[in-house]
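What follows is a set of structures to go through.
Look at the two complexes coming up: chain A is in both, with chain B in one and chain C in the other.
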Partner chain A sequence: MKRRNFLKGILYGTGATAALVGGFGTFSKHSPLKAGATRAEGEEATVFSACEMCRNQCPIAVKVKDGKVCKIEGHPDDTAFGGVICARGNAGPSLLYDPQRIKKPMIRTGERGEGKFKEVSWDEAYTYITDKLYNVKDQFGGEAIALASRKGPHDWFFRSIGRALGSPNVFSHEATCPMTRSVALDTTFGTEGIQADYANTKYLISIGRNWFEGIHVAQTRAVSKALSKGAKLVVLDPRFSITAAKGEWLPIKGTTDLAFVMAMANIMIEENLYDQDFITHYSEGFEKWAEEVKDKTPEWAEKETGISKDTIIRITREFAAAKPNAILDFGWRTAYTPNDYQLRRAILIVNMMIGNLEVPGGYYKTKPANFLKNFPDLAGNAEGLGGVAQPGFPTPIKGRIDGTGVKGTPGQIIPAYDGAVGKIIESILTEEPYPIRAWLVHRFNPYISLTDSPRVLEAFKKLDLLVTCDVYMTDTAYFSDVILPECTYLERYEPIFDMSGLTPKYVIRQPAVPLVYPDTKPYWQIYKELGERMGLGDYFGFEDMADFINQQLAPTRLTFEKMKEIGVWTPSGMKGFYIRENDSKASLDNVLSTPSKKIEIFSEHVEEATKQGVPNYFSHPQPEEGTFRFVQGKVAVHTNAGTANVPILNELMPTNTLWMNPVSCRKLDLKDGDDIVISAGNYEQKGKLKMTEGIRPDSVFCYHGFGRISPELKRAFGKGINGNNLISNEIGIVGNAVTSTTFVRVRKA
Partner chain B sequence: MDNSLVAELYLSFAAIFHRPNQDVSNHLEELIDLWSDVIPEIESIQKLTAFCKQLPPGEERLNALWEHYIPLFETGMVEASPYASVYLGKEGLVLGKEASNVKRFYTKCGYVMGEKSGELPDHLAVELEFCALLAQNGQDDLLKDFSTKHLEPFLKCILPRIKTSGRPVYSEVAKILEVRLLNLQKEGDFVG
Partner chain C sequence: MAKKYTMIINLAKCIGCQACTVACKFENNVPEGQYRTKTPATELKGTYPNVSLFFIKEACQMCQKAPCVSVCPTKASYYNEDGVVLVDVDKCVGCMYCMAACPYNARFLNKETGVVDKCTFCYESKVSKGEKPACVSTCVGSALMFGDLNDPLSEASQFLTKHKGEVRKPELGTSPRVYYIYEGVVR
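For the complex of A and B:
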């Protein structure tokens, strides 16, 4: 082509590039017919949807003006959420309109971690992934492909890819968060569907749970409501959290919570404070538990926990006096120690000792439509959601890398849906029991969420394929081969989700505005298109999300249009109920799904899996002079690994600090605001010191989610301490992460 | 300067600031030729020529452009966000008031952004391409109006950022565009 013929060709449409009105095809002639499609100036609308700034999916009312999201409020008709949302929910628009979001699919062009990418079409991205995945499958088998994501409505679509390839290695992030609680619920009640009725409780004991910083709007409101009605709150935590500030703070020695809980049981038995009728009627194995706690006296617990025996006795008596409207909370991020599942089991058992199941202010089974079928008077209130049929998935040739489901081993009680996600790293690096060669990651950031971050990076480097689907170039995306740009929750439809609590409840997520970046896509479309490219289209038997939702709603009396209009549905006029509210001997057969149909204080399953059918105490080491227990926690304005780069939230809290008690600061000659180095073994992190009475002298604390290494997270990059960089990749008995057994040293930088 | 040359100039800048593609990457020499005709003395021309010599047309050159385009404009680092709203609005976010303002201007001039364009209305390349269209069609008054009200305030914010990024090709083209802008202002001749 001669000089400038190229540009002329583009301008006048004579070159290789087709042009509608000259140029690169960006513009076309204005068509008056299409003008009506744009919203009139000043037009305002409210779109009911669900938040996704964390996993709680609070129902929201999105205010749209001139086609732009201008504000987000809570859904006014949802009584549990009360029309309010948290700071993170409020920050949704700043994520939506963030110039730093990923806008196009990308493929790596440089070395892994070098940060060199090119943008490609979706077609090229799908083809690349397809070729690589089939190469791995052909060479190493489908089991060499792992998938991991946060739990959520995307699972059905994302997981279908892995399962259709014959991989057993599909994981949720739960092992890094509440999985030990799930194990305890499963093995004690036979179901994970148990919730706490905070709003009506009279006495609430938290073991590290922090409702006012680890916010779940409905639960935080419920706890506030209980407190405003005069409930007492006791908080066991090495750190003075915001929640501790609202009650009695017991600065317990880290990892000794189980001693406190077992001493409570001991006192309740010794002083006959427990509900014998309830235990006899509904449970089995109590005598084994009584035997186990016989020597777990308050005196013994004082030595273990650092809490005086008088306090332990007083708290236990107060708790028992409030029975059955009292809650010893079962926790949220429950991954403190390797045997954390036994702490959670013990917590549930002590709750059952006051008979607080299916009563107001205690624990209750969630009551979705299918549960109501057991109650003829109530069955007519709701019908369960339908689903989209899928052909059978191929049976994996090999077992899972984490041993989930293997009888006679701890794997027997790991929830199959979740698995031990930390094992992916071990499998990649050690090739035991066999190597993982390809890893698909959906809105999950193993670098920040898994412990031993440097080892996570090492693992990334060994992979044949790493694919990340996210809204930002996260630390994990930065090391990926392919990055798929997902649109935000404010731009997409999703399957209806069942959020039943005391009554059935369905919630829709729908777009408030069209795609801001036109080449981003909702996850369901991404995995459907990828599946089709891979020849797995049969697993995605729906046209689009409208079709999917219509298939879900088919058995109900609801329609897609209705759900769009109301956002949240609960059966009108139906009141929540507790099965034992008016009849303390009412049958719990519909609640309990254990093999014995009883509350299994002694569990045969657990005995078979871990040889500890009732919780045993194991004393974990305490820090020696000069070292500190390292603990982490959530902050109200960020969601774990997810929001450090969201403009408004980053502005509210761009970094974290290391909390240290003044007594320890003086010993180390450190002052508030000092630059420090925190070390654990070979690992080091730099940060700033916060001197505060709000932490035990033998412990240090930092908020989780900082210390990001992707330069592409421009606001968050290089700021603060990544706690997981200091914690070794110890995997707990039931596959859980272990977050509270690391000791660190601290020095001036 | 006749309208078609003005249009070619605007289009040449738009070509660079659009996402890299093989076609434009392969014809970089041609764009450099054009700029050296209009602004012969500038050092940037030599640097651009050297870049082309080092990386002949082909995939390697395209990948080199991507390597710098992404952190400069696209994702994460975004050293110089290519959207006018980010600079001309209060919140530093996309799709602010300026995006609707330029969109309205496009409509007023008889254009809309095609559904498949895949870009926001106040993207640097889109605004430059729009100027090329106006110039090509001889809509001089509108071009002057658009340039004064929209393009120039935007360029004043973004060009210094692109220049100081030191990113090959992009920082040099920003310098050329800035000189071109200054020349136009000096001449009082916004349409060339």
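For the complex of A and C:
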């Protein structure tokens, strides 16, 4: 009897599950096919495409049965993926069929943030946006319109709208993520197209990089492979990440990473452990760097970093002994401090001191088709993609709000494609250097992704027009005037992506199933139709995505049909290569695009832009007693601001907690699981405490992407801590959103 | 020849990413809130800064002396010809005796079908067709291995000759076919 009651509890307690069928505690017989049996026996198919549960575009194999996506796997023919896909990639169908997706275009009817919208036709939405944008342009100029998106293949279409209106203010999300790394690569090598060859490395040092929670399937697999082959992993991080759990954890004092890196250089010079031939042959400015690190002794670094000098010396010796098959990692989300770009430059320089460029287990230049052209015996392997021609865009009348491109200022080295996206908020609120009045947002959620969330909301409220295109009613969408419902990646074609690594590689994204919600659209169609409505149709010179892809593939030996069939293409039989693998003096002229054609340890550009031609050390404040450094990080089952509401991922992790060391908990009389209030200045966030030995006593940590305020994200709404609610909108030297210089107080709620 | 299927879980390589957890849900249509497999973290051991942690995949241990099989009143739980413990959904009456008997807490009453559910090694959909279970083929850390111990040349057999595979709760004498490799983790 007891069991029967228990049974009833389980089954009736789950009203949310629409698919609740059969059973109900009767002793009846059941179909062996279970839920699958409700569908007719029918066709099964595999569609090769690319994932978009994060922005890495991993090649996938989508299993379709009876017209529905039933499962997603990694593409079996791509050796870097080996049929593997992460939890988020596996969860794709859960997003596709989520009834909480936005299904119709909407226009705001209530106050901003009140959540009152009316469903409208696409036509009405386009007309509304067109009228508003032209009003802003007529009154304030095209530059008063800002566009921001998570970087991706949608940019070509999305950005065309802004550029055609004469706006210079188009932004990617990169300033909140890897932009300082991009700047460092650009200024040191003259190219951002440098990757790490993790799979073959023998010694790997992470400075906060977390391959086992911030998962990039190919890179995570490569690091795993290296560890299996006996590579050593060292992880500098104020908190004990899963990556730290797989290596030697050095809980470094926050924001002092550059001291560690400079001490490595100091030791390598002092003990003559560096590759002098490489430095002489390929680089310039080394003597200025040597001068800069002369007093950056291990003793000094111990005081700065909290890591003992013996450890710093030992790690440096081990790293140098593994040369050139060692990697001091250049990071992923790289915006810890205002001068983070100099940490990234210093990391690259220390790598060059072991001569690990273009060798296995070091760093290499990506090798797309246009790169192979420089190598006669390889050039025949691949042809570069073509593109759809566009008329010239009007030259913007004013410069960008972030000063990008201005000589003699840091803007000189900020990549114009990315820009300092946090400046949009400042420009709206302070009207400096001039006001932004309209903002188009595509697959980006500034409320969660930018720092200083309350200020972001304030900025939203001041806009004449805020448009969001996304798959969910994100927090930003909730505050928008117009919401455009995009279909998911499983329902659309997209341009061919060039994903070249050690060899050229092309990947297609194609629909696995027809639109689940018929009034959603792919982004390329949305912006083409909007552009046509605005009289900007000339910038969208293609019929449909098939036509676009055919134009891309025209110069290659590939066809649209072939790409649909194979999903991912690499030149058959071509092996990845490293230019210096067999000749340590081989020319790197095709790799380096700096003005000097050398690796610029000292960079004239950086000197001009920031007066720091080689990296200088700045000591950042450390938390005083009673305050804690606030750090954030990624988790394997979620993607930043993107997946908190995806059913299965939300089920696996619906919320976050604040990590605190037991020593600190005792001082504050806090216990594991306590309800707490975290405060920074005037800002407060509620949350739950997790007491753990896996964090420095002077720091606290939470996973990023929670604390959502859009009630339409019904699963994620109101759960957890939004770390960016506590961090002020400090913009670093090269435009990066500074993430790790905030101190907080914690008290019992 | 009958197979002797085994799953080997190399704990040092598992990163707890839950790709297996999600792959299993879609492969086997597991209802919301229920799981055939999950990979929770062990409790953090040690004191700052000398700490350690690992993940341990949980699922049916495919016991060869399975309490769930012997306790089942309708013979719905059974060993198939390849030593895989399965549930015949036509025979299961949902009495849940097996759930109480399982020392690994690996079984649950599927709230959609009303019968007992658990890991099957993806026998019907994958393994019988020569493929690997869904969790194994999506494992990001390459921590999972699947194979036939009756084939001395299989990767699994070869691996177990070089590494010590341990079963969970050996004192119960259930003879599981899921082996855990603890090399490189702090227990």
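We adopt the following convention: the second predicted complex is superposed on the first by the 708 of 749 C-alpha atoms of A that agree within 3 Å, B and C clash if a C-alpha of one lies under 4 Å from a C-alpha of the other, contacts with A are read in each partner's own complex, and residues count from 1 in each chain.
The working rule: a contact is a pair of C-beta atoms (placed from the backbone, for glycine too) under 8 Å apart; a residue touches a chain by one contact, two chains touch by 3 or more.
Because the structure is predicted, anything quoted here is derived from the model rather than measured.
Have a look at where A:Glu73 lands relative to chain B and chain C in the superposition and call it first, second, both or neither.
Second partner only, chain C.
By the touch definition at the top of the document, which applies to A:Pro647: first (chain B), second (chain C), both, or neither?
both
Of the two partner chains, chain B (first) and chain C (second), which one does A:Leu713 touch, if any: first, second, both, or neither?
First partner only.
Per the contact definition in the header, classify A:Lys634: touching chain B only (first), chain C only (second), both, or neither.
Neither partner.
Go through the superposed model and pick first if A:Ile102 touches only chain B, second if only chain C, both, or neither.
Touch status of A:Ile102: first partner only.
Looking at A:Arg492, would you say it contacts chain B, chain C, both, or neither? Reply first, second, both or neither.
Touch partners of A:Arg492: none, neither chain B nor chain C.
Touching A:Arg221 in the superposition: chain B (first), chain C (second), both, neither?
Only chain C; A:Arg221 stays clear of chain B.
Which residues form the common part of the chain A surface touched by chain B and by chain C?
In the superposed arrangement, which is not itself an observed complex, chain A uses residues 3, 6-7, 10-11, 16-17, 20-31, 34-35, 93, 647 for both chain B and chain C.
Which of the residues in chain B end up touching chain A in this complex?
Interface residues on the chain B side: 4, 7-8, 11-12, 14-15, 18-20, 23, 27, 30-31, 33-34, 62-63, 66-67, 70-71, 74-78, 81, 83, 86, 91-96, 100, 106-107, 110-114, 116-120, 125-126, 129-130, 132-133, 136.
Residue numbers of chain C touching chain A in their complex, please.
12-13, 15-19, 21-23, 25-27, 29, 31-33, 44, 46-49, 51-54, 89-90, 92-96, 109-115, 134, 137-142
If we count contacts the way the header does, which residues on chain A are in touch with chain B in the complex?
Residue positions touching the partner: 1, 3-8, 10-11, 16-17, 20-31, 34-35, 66, 68, 93-94, 97-104, 106, 109-110, 115-119, 472-473, 516-519, 647, 710-714.
Could you please specify the touching residues of chain A with respect to chain C in the complex?
Contact set of chain A toward chain C: 3, 6-7, 10-11, 14, 16-17, 19-32, 34-36, 70-74, 83-87, 89-91, 93, 212-213, 215, 217, 220-221, 224-225, 227-228, 240, 242, 245-246, 249, 251, 636-637, 647-649, 651-652, 661-663, 692-697.
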